[in-house]
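Got a structure for you, written out below as structure tokens; questions coming shortly.
Each chain gets a letter, A, B, C, D and E, in the order it is written, and its residues are counted from 1.
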Amino acid sequence: MQEAMIKRAKELLADGTVNRVIGWKRGEFVYDSTPAVFGTADEIDAEFVFDDFTQANVSKYLVKESKKDGKILAFLKPCDTYSFNQLVKEHRIIRENVYVIGIPGGPKLDIEKIKAKGITGILNVKNVNYTLEIETLYGTEKLPFYEAISGKCADCKSKKHVVYDELIGEDGDVLDSNRFDMVEKLENMTAQERYDFWRGELSKCIRCNACRNVCPACTCENCVFDNPKSGIENKAAADSFEENMFHIIRAFHVAGRCTDCGECSRVCPQHIPLHLLNRKFIKDINSLYGEYQAGADTTSKSPLTDYRADDCEPSIVHERGVE
Amino acid sequence: MQVNENFEPVIVAFCCNWCSYAGADLSGTNRLNYPANVKIIRVPCSCRVNPIFILRAFQRGADGVIICGCHPGDCHYTSGNYFTRRRITLLYSMLDFLGIERNRTRLEWVSAAEGAKFADTMNKFVEDVKKLGKNRRLEDLRCRKQ
Amino acid sequence: MLKISADKLNSLFDAVSAKQSLYIPVDRESGSAEYRKYKSGMEMSKCLNTVRSAKDFFFPQTENLADFKMNGKNIEVIDVREECEDFVIFGVRACDARSFTILDKVFLAEPVDSYYKNRREHGTVVTMACTRPAETCFCTAFDIDPTSPEGDVAVFSDGESYFFKPNNDKGQAFIDSIADMLEDGDTAELAQVQSNTRKIMQMLPLANLSTDSFGGEKLMEHFNSEKWANLSESCIGCGTCTFVCPTCQCYDIRDFDTGNGIKRFRCWDSCMYSDFTKMAHGNPRNTQLERFRQRFMHKLVYFPANNNGEFGCVGCGRCLAKCPVSMNIVKVMKALEEK
Amino acid sequence: MNKNQKDWIDITSGVNVRKCMRCGKCSATCPSYDEMEYHPHQFVYMVEKGDIEPLLNSESLYKCLTCFACVERCPRGVEPAKVIEAVRLTAVRQQGNNHLIPDRIPEMLDDDLPQQAIVTAFRKYTK
Amino acid sequence: MQRIGVFVCHCGTNIAATVDVKAVAEALSHEPGVVISQDYQYMCSESGQDLVKNAIKENNLTGVVICSCSPRMHENTFRKAAASVGLNPYLVEIANIREQCSWIHKDIASATEKAIILGKAAVAKVHLNTPLTAGESPVVKRALVIGGGIAGIQTALDIAEAGFDVDIVEKEPTIGGKMAQIDKTFPTLDCAACILTPKMVEAAQNEHITIHSFSEVTDVKGFVGNFTVTVKKKARFVDETKCTGCGLCTEKCPMKKVPNEFNMGLDNRTAVYIPFAQAVPKVATIDPNYCLMLKNGKCGVCSKVCSAGAIDYKQTDKFIEQKYGAIVVATGFNPIKPDKYDEFAYSYCPDVVTSLELERLMNAAGPNGGTLLRPSDKTHPHTIVFVQCVGSRCDDEKGKPYCSKICCMYTAKHAMLIREKYPDTEVYVFYIDVRTPGKNFDEFYRRAVEQYNVHYIKGMVGKVSPKADGKIDVQASDLLSNEQLHINADMVVLATAIEPDKTARPLATMLTTQMDTNDFFTEAHPKLRPVESATAGIFLSGACQGPKDIPETVAQASAAAAKAIGLLCKNSITCNPCVAHSDELMCNGCSSCEKVCPYGAITYQDKEFRMPDRTTAIRRVASVNPAVCQGCGACTVACPSGAMDLNGFSNSQIMAEVDAICK
């Protein structure tokens, strides 16, 4: 796949269709690629990488990149295309300035999952028939591929590219995922259990803002939490309330716009399952206002900027599930 | 659940200017009692109520927050309360998801003619919040009164 | 050297925690570790390091500095400082132990930060020598010996027992306080473990990382490097690297109006944030390039310039593991080295 | 009024009889009208009132051809044929009452009976 | 530094009986920024207002808090008082301690405590109040009326009467609309043409009225007082200014087989045509779908016979742009086509007609010169069946859920006219309900039954079957005698439902007005603002807002005209200053706010900004038109970055109130 992508990228650079390419750059280790913009074929040959560890969603970078001169080639995985589309819809990305090549998605590997097994000193990871052979300073370890796949891929919602100019590989379908299972499990707990669960999780938050800054739906010029004029600005959660506040409001602000790309949970250094908050909104929207997938198109009205005269009343919250 | 008779909750009520605030006025005009715990903030439309305001109230020591707007279909601005209904339903559902007691929040439709409904709604809401006791799950300890 | 057998470690913890607060690294369900206040029965983590560094004990993420009360139209200032209780942090790695030295240079230099000093004086740092370094480790680049850590007391393990070595008077006092549980031990096996670890250190992928091209004298060369544009391009401007970093020491001071008084508190700040160094006139560092450059210039150039060549990094590798886009100090150093 | 019976008819028919606006188009359109003691609109109205006993005892139940003309033409989407069917089922399920026995159907056949009625009858009574 | 004055009203004993007003004034005097805190018997009285005014002057107040009755009572009073002594009126806040405190609480201690908290909230808010100035926006003194039926004509005449210029845009070649097709009107039975055509002529001759016939609105920009509208004048291939309406071309045109829309396709017209004799403007129009010259370039007869030289085969659509202060929508209605109802045989039996078709059949200018004959064989019908509620009050996708309102009356009219003119004709009317609310309406219907012996039968027609002998079998139920009837009819007339014109929906989009699910325009308030749309400056006239008969239409048309005149009389509109505004530096142009704005007040512009890194960048940012914004605040919550805020109810003001209450 990597070779096909490199070949096509160089062709498009050569024929002048694009003047830049956004993809991933090889890191120090086998797993730490970095999103990067490549300007020449030489750079691509030297550093372009696409493998089981290239997870990062590059669509948010296109907010800035699409406003520069010339067209940029972007390699987008299926989940990234949803983010891309949503950003086009919100006039954040100039569609004409991006040449989108759809590439196959995951499942991708999450190095943190491997490390959590106590494996350290990792020098190389090879996928041999879906068994990972992990070469370390302390010998070779084996791990089934599926025990190391990224959380965002485990709950993959769609293998379909909702936008592209061309595809490398085949397009997939929207999947029947079990992505709401955990939300449902929480819904079926008692309020006290839910409260304890979330206190346990959110109290880990160090307010590094990685979730927000990586989120393709968070593209405000100035976030309310950074703006002293908003009255709710805070730099660190000095109290458990502020942890709740930040995450509730952030989830609310992206509700109806979040494509469930899973980047927030991927980047959280404290492994807080932040995607569950977004998924709760998605699940509620789907069940109360009809199925809606943000980013699936660029024209539909977001459920929070839309309404029906016969929408359910808020009392539904009081009536269902467990208190 | 034990009800602490001495507990006087702080209740913030956001009322839209055209229906519910007028409804509240009407319950005054008709001398219909409801507890003094309820303090009303006037907003042009229920759709002006930002979820941030609701959280802010809890942070600062409110024990219950209620939003009142025109009945769906009667909004002075034609569609404001429809947006409110979606936003606030989702927000309340999220608070519930985080384990915040669901009876601390409410959204009710009260028209300018429904003075009695306004008073009833407030009586009921204050009673519900009294049963829950002090807001502990969504308060800011720094703001707790010494 | 005095030692305790590994199966008695928890009884030692019980004894220490009976007298003062004890913090040890503990595994979380998700596999990573964090410091927790010891409660009987807790297992010490086998992880190399915690996600958050040990700096939290002396320089917490948020800290109430003072309160102001309004009485009518008068303002009363309330000093909220309290004498800190004695506490012990157990299992600090060599990198984090060195970070305290770096933080001391900042907070204990005049004017002394009395909040930091208060905590530092009451805390006893018990370090733990490393035996299984990770691929992200590069402490040796900063002349740290992970097999022989600093701290008040250094602890070594040969797998069977834990050996205690005092590094200073405070450390000696700590060992004295637990002396009745310790016995004399043979350190031969220990030396073997140490030498094995040193060999592994040399095999690490980052073992050859050099600081030669950095330091105070390289200011203009690096500041004006054209590489910053490319390096900073992927940075999303979050604060993960700074908040997991054991040496980052920037903070902001804020007033919080509680409704019945003002709480003045400080909290960590990150030079990666867009409003860092924002002043009344505006912000001198307006682009992510400038902010990104600041972080690494500070650690590799400005800090050594002001501190006798000591770098502001201890090579713990946390930022390598945690950066959402895997952009980190090692990549920066390697890129800037290339001519 | 037999409330349980009414509820049961509401459920089995799936029809909301309160939607009826009494226009009578069902009866106007009914090909079996003259055969019936109670006509489609009366079925709807009487079920709404809960006055079901007379319907159960009436031959009209079996006069409905289930041709669905009334369903097709009802402007309110009330679907009277489904109401009649539900009443008929109520009768059929009260074993031993006046409902028709499948074995007796062949002898009742005559040349004037529309083909549709025969098919419908088989469908109904061979359950 | 703020200098705030607090004024606590006793309201006689209304407040003072349950609230310790002295204690309230005392407590609030300690709030930050408060420099004076007083109480008084009746703050709204002249002397009370003087107290406030003097305090403002003497203490140089920057903000005023009145603790009194509801702001719905006296907010304006105190704002005016403040303004009279030079304090911006929007620096006054009211704490409602009567309706929402003293009147509902009995316990003095708790009522006083609450009053203090409400006062503190008002003080906290007023700290953040900013002086607001109501903006002004000029009004273009010209109105546009979309639709030239009786509604549009009446509205235009009334507006012109007041001295303002009005343009009528009518999509057909002539104004007149549906009323021009109607024969007689109920309940007076006077001739529709006799009362309509003079109005049409009046409109044509009025110096203030310009009629754009055969034209359509294609674009609307702007806002109340200042709309810019593009009108497409469709090519009619006849120069309007030259054509004298002599009609010679229509006589000579060889293409004579074009279905005549005006007569509901019951007869034919020529390719060049004038819809009817009294058409306004009386100008010929060439139908390009049939004209031989335009289709295959061979003919040119009309051009040859036209002495005025008005024929212009090369004419193209023209677009004209005009500014208007007010727009009145009068797009009217159409009867639905009942061809989906197979049981009524409309699509295959020529003797089953709709009511509007019957109007033409009976009209002296109609296909039969006013003699009622069956369309199929031109014989005189002896039995006529009327079917009511065809497509009205339907719960299915074929029809409409609403009552079309006018059918009961016009059917009574038809029945009566037929019985009068042809007493040998039996007339049956099948009805579900006869609805006759209106002056002299029920009397009219009873006359049809009692004097004219029309057979009204409660029940619905189930099936209409044309028979081989040319008769029509009408199978229906008589619910009152509980029997099924078969009527051997000669003609069947269907009272079909009416629906809004198809052009209404795209127009509503252009106007950013709202529509209900049936495509009727939604009024700003169903009771109190029935002729205004929710969008300022757009008014509703006639059946575009809901089914109406002629008198109602005319009444609403005049009402809409009155509203439009009220707007046009002003030189400028004072805008509500409590409107939303966007902080352009924060706005990211995501369009969330635009999508929730019910008024279309938010637009986007690409603006050049100096960025923090000293470069310039073009960014898409929202801007709010203060003349259009009504200040609901929906956008402020839709905006995730908080770039949108609302004057008078800003985020910080509301949060200050929240803080004060929770303190």
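Remarks
Keep this in mind: a residue touches a chain if its C-beta (ideal position, glycine included) is under 8 Å from a C-beta of that chain, and two chains touch if they have at least 3 such contacts.
Note that this is a predicted model, so its numbers are computed, not measured.
Within the contact network of the assembly, the step distance from chain B to chain C comes to 1. Graph distance from chain B to chain D, where chains that touch are one step apart, equals 2. Relative to the C-alpha centre of chain E, the farthest chain centre belongs to C.
For chain B, the chain with the farthest CA centroid is D.
More contacting C-beta pairs link the chains of A-C than the other of the two pairs D-E and A-C. With centres taken as mean Cα positions, chain D sits 58 Å from chain A.
Here the spacing of chain A and chain B, counted between their Cα centres, is 36 Å.
If each chain is reduced to the centroid of its CA atoms, chain C and chain E end up 69 Å from each other. Centroids built from CA atoms put chain E at 47 Å from chain A. Chain D has no residue in contact with two or more other chains. Counting partner chains per residue, chain B has residues 51-52, 56, 60-61, 79, 83, 87, 140, 142-143 touching two or more of them. Among all residues of chain E, those that touch two or more other chains are 596, 638, 651, 655, 659, 662-663. Of all possible chain pairs, those that touch are A-B, A-C, A-E, B-C, B-E, C-E, D-E.
On the chain D side of its complex with chain E, the touching residues are 19, 21-30, 33-34, 39, 41-42, 69, 73, 75-77. Remark: chain E residues 585-592, 595-596, 604, 617, 620, 638, 640-643, 651-652, 655 touch chain A in the complex. Residues of chain C that touch chain B in their complex: 256, 258-260, 263. Of all residues in chain A, only 25, 27-29, 32-37, 56, 60-61, 112-113, 115-118, 120-123, 136-138, 204, 206-210, 212-214, 222, 226, 234-238, 263, 266-267, 269-271 touch chain C in the complex they form.
Of all residues in chain B, those touching chain A in their complex are 51-52, 55-56, 58-59, 72-73, 79, 82-83, 85-103, 106-107, 137-142.
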